[in-house]
Amino acid sequence: MWRYIGRKLFVYLLTFVIAVTINWMIPRFMPGDPVRSMLSRASVGNPEALQRMNEYYTGVFGLDTPLHEQYLSFWANLFRGDLGVSVMLYPQPVLDIILRAVPFTLGLLLPSIILSWIVGNRIGAFAARKKLLDNTILPVGYILTAMPYMWLALLLAWSLGIVAGVLPTAGGYSPSLRVEFSWLFISSLLTHWVLPFLSMFVVALGGWAIGMRNMIIYELEADYSNYLQALGAPTRLIRRYAFRNAMLPQITGLAVQLGTVLSGALLTEIVFNYPGLGTLILQALNNRDFFVLQGTFLFVVVGVLIANFIIDIVYVLVDPRTRVQMTGGAA
Amino acid sequence: MRSLRLPAALAAVALAVTACSGGGGGNGEGSGEYPRNETLYTTGTAWGPPANWNPFMQGQYAVGTVGLAYEPLFLFDPNTSEYVPWLAESDSWPEENVHEIVLREGITWRDGEVFDSADVVSTLEVGQFDSVPFSNLWNFIEGVEAVDAQTVRVTFAENRPQEWMNWVYSHPIAPEHIWGEKTEEQIMSDVNEDPVGSGPYFYESHTDDRLVWERNDEWWGTEALDLDMKPRYIVDLVNASNDVTLGMLQQGQVDLSNNFLPGIDQIINGNETITSYYDGPPYMQPANTAWLVPNTTKAPLDDPAFRQALAHSIDITQIIEGPYANLVEAASPTGLLPIWDDYIDHGLVEDEGFTFNADRAVELLEDAGYQDEDGDGFVETPDGEPISLTLEVPAGWTDWMEASNVIAANAQAVGINIEAQTPEFDLLVDNRNSGEFDLIINNERGASNTPWTYYDYVFQLPVNEQQSTVNFGRYENEEAWALVEQLAAVPADDIEAAAEITSQIQEIQLAELPAIPLWYNGMWSQANNTYWTNWPSEREGAPQTYASMWNGIWQLGGIQTLATIEPAGE
Amino acid sequence: MSEIAGAPGTADAAGGPEPTTERKTSEVLHFAVRNPKLLIGLGIVLSLLLLGIIGPLFIEHGPNEYVGPKSQPPSGEYWLGTTSFGQDIWAQFVFGLRATFLIGVFGGGVAFVIGTTVGFVAGYKGGIVDEILNMLTNVVLVLPALVVLIVITAYLEVRGVFIQGVFIGLTSWPWAARAVRSQALSLSTRDYVDLARLSGRRTWRIITTEIAPNMSSYLVMSFILLFGGSILIAAGLDFIGLGPTNGVSLGLMLESAMKWSSLYLGMWWWFIPPGLGITAIVGSLYILNVGLDEVFNPKLREL
């Protein structure tokens, strides 16, 4: 069991190293010059002045040292929590900018992942092997998972936000409010949160329901179920066992789906102009701010790795087999 | 006051998880909401979160840093072509190479320090650092001295009044007691979050998606200029998508939008409360010229006759009515903006200027020996080489992408094989600067105090290995450049003398077409009149200033718009 | 983006496919033509594919050309209306369908090739090879594909459908590799494989002649899921503005609909068709897959 966790940790560490290396390599081996593109926005009229500014900023960003030094200092900076300096928000540190966006993304992600997982599993388990329900929920579920996140978001923004006019469709809170800890502001935060949350919740819901439904069907067809059935055990009992066994792959599924849900969150944020990481990525792209783009990438990777690790631990704790091993080992 | 976003967002998460329905909020206290009828909501200038308030970081400082917080010595009024004394009270040229500026009395910085000539001297001296964008001033300034507390004397080693006055009106003065002692490093990396300026507004707060300015009720101009800034707060929102902006504008959540919004013509026509400068096409005032820049070092673009044919082949109306839906106007063949009408030699333009005429284009090609010998529908060079040119515009710049398709189709119609391409912006900049392109569209110079800025852009010599801001076409004409240098030396207020030189320049320009003017990009500005009215307009009695938050427009009189708009319903 | 939905591979715990060496084709067909999920799913996918192939042939102008009046709702002349620029949305839609299928084939294809190769080799060889490949699989699996793709494509000078497909393929193969590996693992211990190995045949031949055919149904289903996944990822990239330069695709249509304010100008005919198209293709692929699963796997048949 410790071996299991150790292996996982090693994989995550390796992933991290690879991600960092990719991150470092991409801008240095691709064409284009971040400093020049930053300065081309500065509408400096005089070429000489521009040239001098160019040299200055190249130095500031460390692009003028040998490659291996750049790589080493990249790691050194990383451990100091230094992800570089933003181009579009020069001279703000990239980390600060990301940290400001993270709460909004987490505020969307956590509730929608957890709630859709719980509700989806319930629906799926309920639907399995009940012909009528199965025939309606299955197609609906598949259609929901097949929906591009941004399209559902657009549909919701259009129908609930613009046509019906009941909910705001853009931003994290009303621009007419001072940012403060008041009911007025918090309720504004909440109303702006509803639509993005809803669109992520709905898309994810379909996937979990189907996953659970399929899993339960496999379980119900498994030998132990048939055996129980032959013994004359009540259907409720068999289904309960099936549900509990089906939960395990669903937890692993959570880890596998993280990347997808996260991508969905980024796209959804863009539709709603929600001030999280997705919108930040879009801004960075529009402003050609690769420092922010790459910082966000690293941040997201680390977040996913940590989440994966938490899920691994949960899995170990929930899985009866490993649980037995643990208690067995202790005893 | 500032970074409450994080805790607030965390609170939101906590509340969301407990599924609390945030009812019962809104106790109506004045602190929560900016009072709607005293607040001006703007958007369309900032493309990213506010980064800094450093007046020396041109092109990067937050919206209004220069204009609202920091002010220049003079404004330039493009309607009258006059310099309007601002922080300065008057100026004179006691000698040809000496400029004496007398400062207004009784101006204080926001921290209470008195504004005087030392501030002007120190600001100019900051330009001696290489990384400061106006460091080139010191190529021709000999010295700056404070004669007394209210008088500054600038002596020039070389006379370039047009360029100098461009600095005078467009660059702000920063307080010496704050910036004077800083090193280059400090100056170029200072966020300067609470800027100490002299202007009518001061920094209130910001988040990543907006910036709030609050009116400075102690501002010197209220008395001295009789200007009463109406909005108590200005909330500038970072550009969202066109989509979101249009929605907010229609719903009155934004009062002024300064971004190109396709479809805005339909809304201006259909919605009484949304207005722009002109009621009909082109709706917007011109802000800069979009040029088709040929690489004059490459055959056949090095041939003026070929460039002429190309210019005649472009049906600009198709671009204006198509992608722009009549939101822009065709440019004068000289490329000069309408504010520089006095500098245009209209007789010459009448005779020599190009217009769309496909037959004439074919004729010009034939006369110069460009003919289609191999029958592929496209002409070859007189030597029989096939011609295949590309026109590059940045990917994602949709209006330009559409325009470039029209240009390519027009040129093909007369037998010039042009293909439109859309590389990434960075790559395009690389190609452009190093001269590895055939044709590009560019509009990097805008309205200013003098057409010298335009001619400097078209003709500047020498051509370097990298051409990063001017003369992208690498056009070399010593005679024209000599004339531009002459123009630079003309006193800033002597329009007649300047017009004589510009006429000569235009003669060369129209014959040679080093760059082909296409259309005037608009000073995109659409206002909702629900909360604020009396926006600048062509209508009689309405203010004629610019209504734009763009950097550089405040100094062209835009700041006065804030004093002339009126709260609605009063 | 389809790691879970209906993927048989997630059911690692459940028994592998039946290694009945001679599956009765007639029996499969018998169930196939009677399976509504399979038929409906296949029907929709094929008709959309047909539309994507044939539709563009009937359109004389390019999909991005200005052909009609601006901002027109659907009408007899322009079936899906026009954009703010007067582009024919129907034309964009059929060309977009074509591009969407293409990206599915490229992206899904590359991912399939990498995924199955890695899976087979790892599962068959075992030992240190398995360890290394498994490690690699896990590394790529935890990296969030879209974010990696955003960073990579942001730096590309020229973006085309092909390049996009290759990159999507390079990032979305791991779950297929994992699933194939576990199947190959169980198959490689079967007697007939041992026999083949003893007879000295080359690894590659054993994989292609003995193992792969016995899980062909499984492979087909994996490919379908990879196909659908690539379409969704590509749509996401296109929507962010990292789609093929100058191209047409359903994702790019969504992007421009959003960019040019179709929501606020009330032009529903601009943003509904592309999303609906993607949903229809991917949704029917999934349903088709469930149908296939039921046909191939007798336990799941509802009798």
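Letters are used for the chains, namely A, B and C, taken in the order the chains are written, and counting of residues starts over at 1 for each.
As a working rule, a contact is a pair of C-beta atoms (placed from the backbone, for glycine too) under 8 Å apart; a residue touches a chain by one contact, two chains touch by 3 or more.
As the structure is a prediction and not an experimental result, all values here were calculated from the model.
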*From subunit A, what is the lowest number of touch steps before subunit C is reached?*
1
_B-C or A-B - the one linked by more C-beta pairs in contact_ = A-B
*Kindly work out which chain lies most centrally, taking the average of its C-alpha atoms as its position.*
A
*Calculate how many whole Å lie between the centre of subunit A and the centre of subunit C, each centre taken as the average of the chain's C-alpha atoms.*
22
*In whole angstrom, what separates the CA-based centres of subunit A and subunit B?*
39
*Measuring from the mean C-alpha position of subunit B to the mean C-alpha position of subunit C, what distance in angstrom results?*
47
_Which positions in subunit A are in touch with at least two other chains?_
31-32, 162, 169, 286
*Going by the touch rule set out above, which residues of subunit C reach two or more other chains?*
156-157, 241, 258, 263-264
*What positions in subunit B touch 2 or more of the other chains?*
241, 247, 424, 427
*subunit C contact footprint on subunit B (complex, rising order)*: 241-243, 246-247, 250, 261-263, 266, 322-323, 325, 395-396, 398, 401-402, 405, 421-424, 427
*Name, in rising order, each residue of subunit C that touches subunit B in their complex.*
64, 66, 70-71, 84-86, 156-158, 241, 245-246, 256, 258-265
_Looking at the complex, which residues from subunit B come into contact with subunit A?_
3-13, 15-17, 20-27, 29, 31-34, 36, 39, 41, 47-52, 57-60, 130-136, 139, 188-191, 205, 207-210, 235, 237, 240-241, 244, 247-248, 253, 424-427, 429-430, 433, 444-445, 453, 456, 460, 464, 466-470, 552
*How about subunit C: which of its residues touch subunit A in the complex?*
1-6, 10-14, 135, 138-139, 141-148, 150-152, 154-157, 175, 228, 232-233, 235-236, 239-242, 251, 254, 257-258, 263-264, 268, 271-272, 274-276, 278-283, 285-287, 290, 299-300, 302
*If you look only at subunit A, which of its residues touch subunit C in the complex?*
11-12, 14-15, 18-19, 22-23, 26-27, 30-32, 131, 138-139, 141-143, 145-152, 154-155, 157-158, 162, 169, 206-208, 210-211, 214-215, 217-218, 221-222, 245, 248-249, 252-253, 255-260, 262-263, 266-267, 270-271, 281-282, 285-286, 290, 293-294, 296-297, 300-301, 304-305, 308
